[in-house]
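In what comes next, chain A is part of two complexes: it sits with chain B in the first one and with chain C in the second one.
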Partner chain A sequence: MSGPSTDSAAVAPAPRPGVTLRPARRGGLRPRVDGNPLEPYLYLLPHAVLFFVFIVYPVGFAIYVSLHRWNILSDNQPFVGAEFYTRLLTPGTPQFTFFWKTMGNTALFTVITTPLLIVCALGLALLLHKPIPGRSFFRAVFFLPTILSVSVMGLLWKWMFENRTGLVNVVLDMIPFTEPVAFLTTIGLAWIPIIVGTVWWTVGFNMILYSAALAAIPQAYYEAAAIDGAGAWAKFRYVTWPQLNPVTLFAAVTTTIASFQLFGQPHVMTAGGPLRTTQSVMMFVTEEAFTRFQFSSAAAMSLLFGVLLLVVTGFQFRLTLRDLGRGRA
Partner chain B sequence: MRRLLTFKTLLVGMALALGGAALAQVQITYWHGFTGPDLPVMEGLVAEFNATHPDIVVTAEPIPWGNLFQQLEPAVAAGQAPDVVALNEDVITGFILRGAVAEMTPDMLAAADVQADRFFPSLWETGVVDGKVYGVPVHSVMLVMYYNKDLFEAAGLDPEDPPSNREEFLAAAEALTVDANGNHPGDEGFDPSSLQTYAVGIPTPWMGGTIAYAVAAQNGVTFVGSADESYAPNFDSEAAQEAVQFLVDIGAEHHFGPTDATEGSEIDAFRQGAAAMNFNGVWMLSQYRDAGLNFGVAAFPQLGTERPATWGGSSHLVLPVQRNGDPAEMEAAMTFIGWMTQPEQNLEWTSAGGLPTQPEVATSPEYAENPMSALAEAMSNTYVLTGFPFLAQFRGAWDAAFEAALHGTAADQALTQGVGEASAAIQEGLLSLP
Partner chain C sequence: MSARAPTYRSTTVASGPAARTAAAVRTRVERRENRPRWRDAPRFVLLSVLAVLFLAPIYWMVTTSLKSEADTVARPVQWWPAEPTLENYRTILESPNAPFARWTFNSLFTSLAFALGSVALAVMTAYPLSRMRFRGRNFWFWVILASMMIPGIIFLIPHYLMMIDFGWVDTYHALIWPGLPAAFGVFLMRQFFISIPRELEEAARLDGANSMQVLWYVLLPFLVAPMATLGLFQFMASWNNYVWPLFVVHGEMQTLPVAITTFSSRYWTAYGKLMAGTAIASVPVLVAFLFAQRYFIRGMSLTGLKDE
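So, the complex of A and B:
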């Protein structure tokens, strides 16, 4: 087969009069290359290899698995088409019931945690932006939990919120007029240890992002605002916040994705209980694959989940880009 | 240059020496999940085997159980399976039926000096499917009752005679439960919200499901139908409802303990001397001993109505299927399995907290030192949840049903729902078997 350009030239209809064929493009697909035309692709190659081996191939294989009744040791892997997908969309099947229930749990967690992690991180960064003594020390203190593994962090907060015997309940028992609360086994309240623990664990990362962004805002903006008579709130609202927008977008997107992938915290603290109300969708997919050995069903679920996550992230991008004034509204 | 040459010569020499050694010895690998305090004991046993068998070198790889179960089938499919693997009672049948485990023929067992009648029958049966042997028991655990002797004495109970049936349990529980004003359940003015000490809390979810399983087994419940009945779950029977209701009532009706217990809060409460009894596995022994408690261990009491029973678990040594099997390696693997499951090795293994796998060890004078030796009779009453491939499907639904009942759903409704969930999941599982 000949190269694409000759090919299209051969097939292309005759140009209509008045229409310029191939207008000169700035920075098109063929940038100016002085050396070997392959050079840019060689720079891309290392990442491309990793990307194909660890992303494209596994996703492709997962699609294959989800369309067959797949068993690693079986000689025949019968093709079942979209059976595992339709089951996820048919009310009444266990997959439908639990996938969407755990999907709802995960969404609830994300909706609560993401704004908290943005607001708390911004608050801490603003507090620690002021030149107070021991600033680096406090930055380190708030950042340190980030380096803990999820099992350490999970056990820690499970002990803190343990029914009856955890520190929180011992304190509640000592204070007059408060009663111990069964955090780990009460529907709804079981989210409190998970959310508090998650915020404590991950807020430091967003805080560092905001700290860096705050330091990068030119002081001149604040001086100009002060001359215009802006108070502290107006400075924040009209200078700081818009200047932080790109970081907020980045933090919101990464935090949302991380929150949707919730797994370790409820796994360690509540095991998904009470009554599966804190089971995340990733926990359910793992259970389907590695406890029940239903790999095809689990592959279908994780692919559907991946698509939903893409939709959410795309939506988020659009919303925030519009806010930034750079996207198509 | 000269130095490089010398170095090369040295390397070649080393390679030859190693190669020579490898020719005389069979190298085999062994995966197991004993990664807790039992790890040094298992490593000691493997070292002892290597020392006494110069022609075989066993390399043991401790891998947490969950990871081990995930890796085994891919390893078998890739022809990279280890020669020996330890599998637990709740997954072994699934691995056998999915074709990951090789049969041990009577000749192989005889050559390795493994006799079926040496082991507790229920343990041995766990490694058998359709009359073919796939696994040899190496480790055994069960649900037991720990009790605080000081609290028993304070309540006027005999600390050497803990309750062993429902009547005794209810009487003892009433005596052991005291509120802040010194009242017992049933006394006028008893306040269940301010328990000073209490009998026992029934937790959620896994440990609660384990306790409920034991009591239901005592009521004669079989949980799941036979293979001919497509493993149809049947744990919504009246006997199962009775067992579940009894356990729910311990907290909700009798106030013999908190209604919001977790396994963790019950362990804490027992260690702190607030709970007089604790239902948990034999593996808790060393932790309670280290807490400096004056406590005893007894068989799980018969809270059900039909027969004594308790939950049991076990680990079994199996031969994974090899793509390119080397007969010498398989023979070495069988030699290792045979040696590891001999009474002497089993006795040594019990020092790590496991129970004997064979009556001969359970009744031996050397084992009498072990506090668990008092439970020899209970060992023959364990009902091991095994023998069908969809255990996780059943167990998840059972635990959820019991949790729902503890949270206030009527027992019959919770169990009916659980049976529905389990049968849908098991039917799908059946389709996925090769």
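So, the complex of A and C:
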């Protein structure tokens, strides 16, 4: 494996009988493509076809649909220009009212959930950082809920928070001075089952990210800090936390994106109620499309929402590129 | 050693006897460190309490499913079913409008097809993008990468209208094809391709192997672990997908996780039956997790992959 014959790519190849001598190249992943010059394109073709059909074309098609009055039962789809967009930006129309109301709901969910998912994940990762009996068992337990589907998780937490008979209310009933609460049907409180369920469900993802990052912090930094007289808090504040910055940023961005696409939890637990206070943007878009068959209006909404999300995903894209640059080095 | 050393090298390249010895040493060291110390007791207690809280909903799901409907709401609460029964399971499995076997098959088949398809597609696409030189290589990679930025919600309406045009509503095609060209797998596999030493491929080329043989005999053996991880994640993503199957397939074509919610509307607050349904829907993934736990958690830490 480390014989001299395989090192030839790095240095100028020594002339050997039977091998055509090629000039040494710098860089490059492979010196040259053997055989048909079309070969790389043939490998790329299947993906490229699907890529055009299911990614490039649909974006254009969505814009096209949003500028027409689309009726799936008719052959005639009249052009209406920006009507469905202006409707979303004109106060007083039902689309305006509910789009921005559900937008507010989704933003509220995101603003509460994202910090929770960061802090709880970091807490769990720190608890598990130093060796302790059963460490891999604990890690598996905290990660376990992430593999469940949103419908399982939703039904589970709906049952846990059921108004009189759910386990949470059974426990509240047993504790002195607390009373059962109608979580699922009270405005405001209906977010509690959704948020608790979401944290339980997804905290394991960020925990694993943090565990990996914690393990990668060089021990020497802590030794240096200890020599400087740092206590536990100072070590965390001046060594751990700054070292975790990239992961925190990554986790914050991906969690924000995931939270903005909230759909299944309220769909299963509250159906958006009471009075649409837990309805998310995604739920409203699907209601417009699949309940009222207003596909053009729904397309306009999802594009507007998508452009707003693009600010966040663009940020994530830059993070990915930075990782990519690192991987290539 | 740099803190940023790519962790995946250890999973792909280091699998020889030397690595195994290193692993054995590590285990021994860990075991020594694992000796309980009294200082750790509070942390251990806290972790145990948290573990109980995390497992409580799953425990409650299983025990509720084993109670009669009257017992699920009985007071005082039954922490353990007074008379354990499989009645709920029998009722829902025998109910005429709930083809659980069919729903399970739908989920298994489409998730498996999706996972295999995306792994094959990712490997085929990442191979030339990482190990061949040709015009437009960087351009095409950037195009694929840029598509990662498009928020998923934008595709919902156009994909649905396309499925109507293709006649794919209520078919397996609708659950398999649209998600296949996602950029993530290509991006991930390309990173792994790059980590394989170039010299191996050179040697095979000198022996007269063509690009297909190089891929199959030289490169793929290094990619088994990342391919398994990617496949596992794509399987899970497809199995747990909710929004898309909810609207594009109906009735007996539904996937299991979606079906249990639509089916639940019939049993509204009959939680014994609902929990039996959720237990049936989560058993396959729980079993998969038990067997492949290592891949799950390791895969997570090296990809930063995230469910939506």
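Here is the rule we use: the second predicted complex is superposed on the first by the 257 of 329 C-alpha atoms of A that agree within 3 Å, B and C clash if a C-alpha of one lies under 4 Å from a C-alpha of the other, contacts with A are read in each partner's own complex, and residues count from 1 in each chain.
Here is the rule we go by: contacts are C-beta pairs under 8 Å (C-beta built on N, C-alpha and C of every residue); 3 or more make two chains touch, one makes a residue touch a chain.
In this text, all values refer to a predicted model and were calculated from it rather than measured experimentally.
K.L.:
On the A-aligned overlay, A:Ala258 touches which partner chain: chain B = first, chain C = second, or both, or neither?
P.N.:
In the superposition, A:Ala258 touches chain C alone.
K.L.:
After lining up the shared chain so the two structures overlap, which partner does A:Phe79 touch, if you call chain B first and chain C second: first, second, both or neither?
P.N.:
A:Phe79 contacts neither chain B nor chain C.
K.L.:
Looking at A:Val170, would you say it contacts chain B, chain C, both, or neither? Reply first, second, both or neither.
P.N.:
Touch partner of A:Val170: chain C, not chain B.
K.L.:
Name the contact category of A:Asn71: first (chain B only), second (chain C only), both, or neither.
P.N.:
The answer is first: A:Asn71 touches chain B but not chain C.
K.L.:
Based on the superposed arrangement, let me know which partner A:Ala140 touches: chain B (first), chain C (second), both, or neither?
P.N.:
In the superposition, A:Ala140 touches chain C alone.
K.L.:
Quick check for you: in the superposed arrangement, does A:Thr291 touch first (chain B), second (chain C), both or neither?
P.N.:
In the superposition, A:Thr291 touches chain B alone.
K.L.:
In this superposition, which partner touches a larger number of chain A residues, chain B or chain C?
P.N.:
The partner making contact with more of chain A's residues is C.
K.L.:
Who does A:Pro94 touch here: chain B (first), chain C (second), both, or neither?
P.N.:
In the superposed model, A:Pro94 contacts chain B only, not chain C.
K.L.:
State whether A:Thr185 touches chain B only (first), chain C only (second), both chains, or neither.
P.N.:
After superposition on chain A, A:Thr185 lies in contact with chain B alone.
K.L.:
Pick one for A:Trp241: touches chain B only (first), chain C only (second), both, or neither.
P.N.:
The answer is neither, since A:Trp241 touches no partner chain.
K.L.:
Can you list the residues of chain A that meet both chain B and chain C?
P.N.:
72, 159, 162, 165, 290
K.L.:
Considering the complex alone, what residue numbers of chain C touch chain A?
P.N.:
Residues 3-4, 6-7, 30, 33-34, 36, 40, 43-44, 46-47, 50-51, 54-58, 60-61, 64, 72-73, 77, 121, 124-125, 127-134, 137, 140, 144-162, 164, 177-181, 186-187, 191, 194, 198-203, 205-206, 210-211, 236, 239-240, 242-243, 247, 257-258, 260-261, 264, 269, 271, 274-275, 277-278, 281-282, 285-286, 288-289, 293, 296-297, 300-302, 304, 306-308.
K.L.:
What does chain B use to touch chain A in their complex?
P.N.:
66, 69-70, 73-74, 76-77, 94, 98-100, 193, 204-206, 258, 260-262, 264-265, 268-269, 272, 321, 390, 392-393, 396, 400, 403-404, 407, 421, 424-425, 428-429, 431-434
K.L.:
Chain C touches which residues of chain A in the complex?
P.N.:
Touching chain C: residues 5-9, 19, 28-35, 37, 39-41, 43-44, 46-48, 50-51, 53-59, 61-62, 65, 70, 72, 124, 127-128, 130-135, 137-152, 154-157, 159-160, 162, 165, 167, 170, 200, 202, 205, 208-209, 211-212, 216-218, 243, 250, 254-255, 257-258, 261, 263-264, 267-268, 281-282, 285-286, 289-290, 295, 298-299, 302-303, 305-306, 309-310, 313-314, 316-317, 320-321, 324, 326-328 of chain A.
K.L.:
Which positions of chain A touch chain B when the two form their complex?
P.N.:
69, 71-76, 93-94, 158-159, 162-166, 179, 182, 184-187, 271, 273-276, 287, 290-294, 296-297
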